[in-house]
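Shared between the two complexes below is chain A, which has chain B as its partner in the first and chain C in the second.
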Partner chain A sequence: MNDEPISLLNAGGSFTSSPELPFETDSTDVLALYNDMLMARTVDTEAIALQRQGELGLWPSMLGQEAAQIGAAHALLPRDIVFPTYREHGVAWCRGVDPVDLLGLFRGTTLGGWNPTENNFNLYTLVIGAQTLHAVGYAMGILRDGDVGTGDPDRDRAVLVFLGDGALSEGETNEAFVWAAAQHLPVVFFCQNNQWAISAPYSVQSRVSVAQRAQGYGFKGVRVDGNDVFACLAATREALAAARAGQGPTLIEALTYRRNPHTTSDDDGRYRTLAENDAWAALDPIDRLRTYLQSTGLLNDANVEDISRRGKALAEHLRSGCRALPVPGHASPFQNTYAELPDELERQMNEHLEFVEAAE
Partner chain B sequence: MTTMTSRMPIAHALNLGLRHAMEADEKVMLIGEDIGQLGGVFRVTDGLQKTFGDHRVVDSPLGEAGIVGSAIGLAMAGYRPVCEIQFDGFVFPAMNQIITQLAKYRHRSEGAVTLPVVIRIPVGGGIGAIEHHSESPEAYFAHTAGLKVVSPSNPQDAYDMMKLAIRSNDPVIFLEPKRNYWLKGDVSTSTTTPSDLDRAVTVRKGTDLTLVTYGALVPVAMKAADVCQEEGRNIDVIDLRSLSPIDDKAVVASVQRTGRLVVAHEASRSVGLGAELAARVQDEAFYSLISPVIRVTGYDTPYPASRLEEEWLPGLDRILDGIDRSFTY
Partner chain C sequence: MSIKQFSLPDVGEGLTEAEIVTWLVKRGDIVEVNQAIVEIETAKSLVELPSPFAGEVHELHAVAGETVDVGNPIISIETGETGTTDTSPTPVEEALPAMETGEDPKLLVGYGAREIGTHRRRRKVKGKVPAERPSVAPMRAVGGPPKASPPVRKLAKDLGLDLAAITPTGEDGVRTRADILKASAGTESIAAGQDSPGAGTDVADNDELRIPIKGVRKHTAAAMVKSAFTAPHVTEFVSADVTKSLELLQQVGQRRDFRDVKLTPLTFVAKAFLKALRDTPEANSRWDDAAQEIVQMRKVNLGIAAATPRGLVVPNIKGAETLSLKELALEINALGSAAREGKTPQTAMAGGTVTLTNIGVFGIDTGTPILNPGETAILAVGTVRRMPWVIQDEEGERLGIRSVLQLAISFDHRVMDGQQGSRLLADTAAIMTEPGLSLL
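On to the complex of A and B.
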């Protein structure tokens, strides 16, 4: 099995078509991809700064994974639904989630942050791999709703679930693959193989590539250059189209690299080298797309200025929005634990509120 | 649906409750191992796949996390899945999904997403089974915020509580007393409102001592009360029905009249439902207590090999012994 990742936009920024993965640059809003990748990086950069300033307790950076996330997200239709891990800040951006709402979980003002039903973008999942099964269940629901394989472009929908290389070792991910395959479900598993599960390298997880694993379950596995936004977009488009058409699941492996530590609390100097990091920095997904845009004349002074202005506004929105995130009320832990507050919980809530009031 | 009353065992009452819930709401579906063609190892879902089809009665692959995890996704998509876990001891692979995901999602989404998932689990011992087939895991679930935990003890409750659990917008752990699956009783499918899902029921009125239990031990408690009656002791027997939330008002009101409390359950003693009830009763009815709260329970050991289960389980004699200890304190 040829396991070389499919690449359409190489590190030097030049586009080469591939018979394995059809993609037309003409029918793609390449500038929008570039804009969203830069906005994702802005969110990430600002969030790290906010963590350093003590405004966030923690931040899981996505630096280096912009092509994978923006490429995958641009393949989605609004009615498709996304199940993210906790690092899909770029996907959240593309789905229309206010990036300030991403900060709440890490600032300690909420356990969620947004209404998952508004943008078909579910809450972040911190327990590795757990969301793969939710995606499978949701896909079972879509199938039962009859919204798969009708051929009606306004009706068919699919599920896109994100996972990392670490999740490949979890039992629940195995169950998700088994169920998706056996039931031929409209779900696409998008694995960002960023090669490090905190300090565990991919070699600890597997002797074969992520994509190769799909074969054992009986569905298609595709391996793409995860720093190539065209390849990520094309592979996800194809997989989602197949899923919506009732052709079953696909596992996409986007081979990329997590250039920052696992989170702001991690020290990656203890388990990997700067040289490795530098080598991946040279493969930066945004740099190569910029080179491509410049070479094709799509980037000009006006839109460069425009994107820069938007980036600055977004950064300011994050800085002021973060500090303005409301601290939840004293009663909030008790609310929405159940549909109706049970008697004992009401007693505990009143006890707590009286205690807080007396202390104030 | 016409109202009818007939005599049937708990397993059939559960089946009827599922059937009527599925007739009433097309979003209700069942998912579990061997529940379709086979009808479940205890036949609780017998015939339902034939009536409702394999899209609504899903024979799942072998994976308990998958059963609960996919039920979560189905609930997010607007369905009301009822999961079957084949035996009590096999629920543990699903605990991550139950505790970290199912129980918390409503809270995390600030009420935007409700997960009306029912997880049916046959529980308890007394059937001479091999290991992992006789356990009482209720305290794990009752300790988890966001879950409701209930256990019917008779066919009428099995029918009513199944329908109520499916209608609940909170996840419900539904514990079925497996040794009494074939215990018969009258079941009315009357549409008049049955007792709320989270209310205890006094199944025998008495004045001298409060005996609280649930599930498979309710009939044993009733026998104990009969024996006590012959000795001139009137026992108030409460079937707890809901283990989370606990209807402590019913228990406290009873203890305020009787002054004595015995709690019986098959599950291990420490940090169990009995301990919780003892704590709540001393909190609310301290001056009513004539004697300490007595717990008659399984021991803090692994469930024993089945040749020993009769003496290990809190049976009639151990419950009577607990009642004696309360009276002779």
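On to the complex of A and C.
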């Protein structure tokens, strides 16, 4: 198996087609990709600042993973559904989730933050690998609804589930792989191999690449340059099309790098070198797309100015929106546990509310 | 005009304090939102804090070097705004991406400002201010046993101090770790409150420089006090003619497979010490006071004391007894350079069982080392000197010039006696004198 990641847009910003992964640059709005990658970075940068200002308890940064997330997200149809980890801020952005809603979980004002059915973007999952089981379960539902392989472009749908390299060593993930293969489920596993599971490098987890693992389970594995937005888009588009058409699951490995610490609570200086980080900074996904856009004349002063203005507005929206997030009421844990509040829980809720009132 | 305060946030999930390392702004500076204003060091990492406000720096409430509690103001900024903070969110419709609904399936998410209308906008919420915490209850003067947390109680017990006799400075009459350490250092007479943060840097005149006790210095001090007043130390010395070891060192160093390995007398001492430890395993153990047991470790995690720009650290080599000379040399060098760069992984700082301290690098002959807390033995390695020495061979006794090394061992007399300590030291010295002995 050829293990070299497929690359379409190289670090120098030039496009080369690949026989392994057909892709036409005019099949997508390249400027939209660029805009969304920059907005994702804005969300990330602003959230880190808010955490440092004491407004958020924690923030998991996605710096360096913009191409993987925006590329994958641009391959989705509105009716496809996404199961994210807790780092898919770029995917959330592309699905239309208000970035302020992402902050609630990390500010401690909510256990969720958005309605998963509104944008077909499930809630963030903090338990490593757990979302892969939710995803295959959902894919079983799609299969039973008969929304796979009908050939009707308005009906067929698929699941896109995100995972990191650390999730590969979890039991859940392996169970999900087994089940997806056995049931021939319409699911695409998109693994952003950012090479560090907190402080554990990928090399201590596996002797083969992520993509190679798929073969053992019995489905296709694809390895792409995760800092190449075209390759990520093309691979996901192909895999989702196959899933919708009833051709079963695919595992995509987007080889990338988490340039910031695992979260704002982590100090990555204790386990990796600055030189490694510098090497990946030189492979920045946004820089290379900018070079491409400049060389093709798609980027001009007017849209640079436009994007910059959007970025500033987004940053201000995050700052003011974060501080205005509503403080949850004392009843909310009770009200949001079941779809319909059971009598016993209602009794407990009332007791708790009386207790709170008495204490105030 | 309004002045806004920025309080020290908890930037690491459950931190209670942080040290101000460097101010990046000063009074009168104009700052922008998110401009880095200060570098702080927490128990977890070094972090730059960005300003939440734009405006002019009105006052810095803490000085560099000061340890500040989370929640205390660190800077005041005069903003151009009037009144209170406006928390209504800025609408961002036009920045949000739009999702395609079907006309053009190839364009699924777009950069155009399409109306999608499904976004819920958060309205300004009249923030429900959490109830003020009750103010701290007055310190209880009488009644009940002295208050302290279990680790602090243990520290007092280990140091042989009576809790009741120590003045509490914590909330509600609780004795803190600092109270115990202060009492053990005999400075208990300093009234509580006098040592408030920042007080230490108010220099009255230029005759004295007051340096806040913090970071590695603070930890080293606590560890040394604990060790010195817990384990009864015995120190023994020996001088050894290590000429043969040095010759061997040179020979080994010339081997191809040692070409890139830095070999020093310390490497040989470490190897000899590890070999000698096999016959005196008592030294590789710890005193478990709570269990009333001496715990002998099967593996040797050999600590190497390293002087770094931040102070003394003692990272250790796990399972050192299993390493070859070359592996040992590589580990020692890696540990040393990581320590000097401040990059010692936490795992290397924990679990040490016995320690080497190389005072020879400072040109010193010997010393009386203090045990790394919890360990039973520490070996101080002096500098190698060319010295007159009485040589004894078949021709009888004569004077010669030899390479002489002094070794000193301190050990915990609760765990072992002079017999074991002497044997360990003598065995180590014997191998250094006659490296061929290690073949036995």
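Quick note on the criterion: the second predicted complex is superposed on the first by the 347 of 360 C-alpha atoms of A that agree within 3 Å, B and C clash if a C-alpha of one lies under 4 Å from a C-alpha of the other, contacts with A are read in each partner's own complex, and residues count from 1 in each chain.
Here is the rule we use: a residue touches a chain if its C-beta (ideal position, glycine included) is under 8 Å from a C-beta of that chain, and two chains touch if they have at least 3 such contacts.
As the structure is a prediction and not an experimental result, all values here were calculated from the model.
Of the two partner chains, neither chain B nor chain C is touched by A:282. Once chain A of one complex is fitted onto chain A of the other, the partner contacts of A:204 are absent, as it touches neither chain B nor chain C.
Look at A:331: by the touch rule set out above, it reaches neither chain B nor chain C. Touch criterion met: A:141 reaches chain B, while chain C stays clear of it. With both complexes superposed, C is the one of chain B and chain C in contact with more chain A residues. When the two complexes are superposed on chain A, none of the residues of chain A touches both chain B and chain C.
Chain contact summary for the complex, chain B toward chain A: residues 29, 55, 58, 60-61, 63, 65-66, 68-79, 81, 93, 96-97, 100-101, 104-114, 145-146, 148, 168-170, 198, 245-246, 248-249. Considering their complex, residues 27-29, 31-32, 34-36, 39, 46, 49, 51-55, 57-58, 73-78, 93-96, 98, 100, 118-119, 153-154, 261, 264-267, 269-271, 307, 310-311, 313-314, 316-317, 319-321, 323-327, 360 of chain A touch chain C. Chain A meets chain B in the complex at residues 110-112, 115-117, 122-123, 125, 127, 130, 132-145, 171-172, 175-176, 178-179, 182, 335-339, 342-345.
Chain C meets chain A in the complex at residues 6-13, 33-34, 44-52, 85-92, 94-102, 105-112, 116, 118-122, 124-125, 127-128, 130-131, 343, 345-346.
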